[in-house]
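Should a chain be cited, it is by its letter among A, B, C and D, assigned in written order, with residues numbered from 1 in that chain.
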Amino acid sequence: MKILYFAWLRTTIGKSTEEITPPETVKTVSDLLDWMPSLGENYSSALEKRDLLRIAINQEYADPEHVIKPDDEVALFPPVTGG
Amino acid sequence: MKILYFAWLRTTIGKSTEEITPPETVKTVSDLLDWMPSLGENYSSALEKRDLLRIAINQEYADPEHVIKPDDEVALFPPVTGG
Amino acid sequence: MIKVQEEDFDVGQEIKNLTQENHAIGGVASFLGLVRDIASNEEISAMTLEHYPGMTEKMLAEIEAEANRRWELDASLIIHRYGRMEPGEQIVLVITCSKHRKAAFESCEFLMDYLKTKAPFWKLEETSEGGKWVDARDSDDTAASRWIET
Amino acid sequence: MIKVQEEDFDVGQEIKNLTQENHAIGGVASFLGLVRDIASNEEISAMTLEHYPGMTEKMLAEIEAEANRRWELDASLIIHRYGRMEPGEQIVLVITCSKHRKAAFESCEFLMDYLKTKAPFWKLEETSEGGKWVDARDSDDTAASRWIET
């Protein structure tokens, strides 16, 4: 699964994109966010403000209950501040 | 007293400005509009839609009760349609 | 700033003039009014705008001062043309500049609504049947009445 | 029309491009966002806008389609820049063209409000203390929530 990070999530995790293969128990966005801190301290630190995060699946906003599939493009980012 | 006409008031009356000297009984804008039709048919025809007219005294909007003085600049015109 | 003129104007240049010296400005709202080729289902070949020189400038300056009293603006501009114009030509431009977008949007709309009901301009439209004075629209009074402070 | 680009843009030219072929347009509302030199009482020397290529275009196109569904527009345009910009530089431009001014004003404000809360852009401000990611503002959510159809 391709995953992308933006803004302070990108700088805290230290990369803008990566391929990950979560365990089979990870079925939804929420499961993914539960599992990610196990990847390292930078991940757990980035996910501390988890309630603030926005999630997009295949470039559309998604809820925590959204089911993710292996070939999805998943993006994690803070609330947007453009305009 | 200087008087100005604009838009269809100007074309109906047939002039854009003139000097008039109303009788002493004309004290307010309302009195002026009562008296003007006596100036000719073009005036009475222009003042038929009297309730629609807007009045400005010295380039500020004025009510019918506004008292007019001999050296005032009085303007009569239809509702504005700029912009 | 108020400009009542016969000549055309350049929207981009006017925005630049207002903003280039002031980097506190975050938002610029503008409205540009154009001559339409159709009005009340009739084809318009041209339009002539009559105005009341002197009172026009006075009313526009009053309206602009009122907007600056109600909103915190860094700059504002009203340009209104008079004379003969053809479809597609620019008639009026209102620009408001502020730190934040809400003040810029609201004051720009306020200026247009007030200008429509207060500024002494009258449109004469040329159709195939000759010249016709445009009637004022009730919807303009309604739009302006929103801004009455209670 | 949607443009997501690093280069600057010319407001006057963009308005001309949208309006010159269509003389049914009577009103053009626009909003231009500029880089401010002060934010939260700190001096800003520059700003970098990060975005999510692909999703940005998709979201802006969705927002624009929604505006065209809600209002009768003759033309609309959103330009949003990304990359590094200094105070005074142009960030975003929204233009809406309609027969009447109310539709133009409302849809322009709608587009800005939605863009502010939906389009995946993030601002990094450079101050004397280094780079700082800008926090989202509650007032932007409030502004966008006005447009929820009930």
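Worth a mention:
In this text, contacts are C-beta pairs under 8 Å (C-beta built on N, C-alpha and C of every residue); 3 or more make two chains touch, one makes a residue touch a chain.
What you see is a predicted model; the values in this text were computed from it and never measured.
Among the remaining chains, those touching chain A as well as chain C are D.
Annotation: 73 Å between the Cα-based centres of chain A and chain B. Centroids built from CA atoms put chain D at 48 Å from chain B.
In this assembly, the C-alpha centroid of chain A lies 26 Å from the C-alpha centroid of chain D. Annotation for chain C: residues 33, 101, 112 touch two or more other chains. Counting partners per residue, chain B has 83 as the residues that reach two or more other chains.
You'll find the chains touch as A-D, B-C, C-D. Interface residues of chain C, counted against chain D in their complex, comprise 10-13, 15, 19-20, 23-38, 87-88, 99, 101-102, 104-105, 108-109, 112, 143. Chain C contributes residues 33, 49-52, 54-55, 58-59, 80, 91-92, 112, 115-124, 133-137 to its touches with chain B in the complex.
In the complex of the two chains, the chain B residues touching chain C come out as 4, 6-8, 10, 56, 59-61, 75, 77-83.
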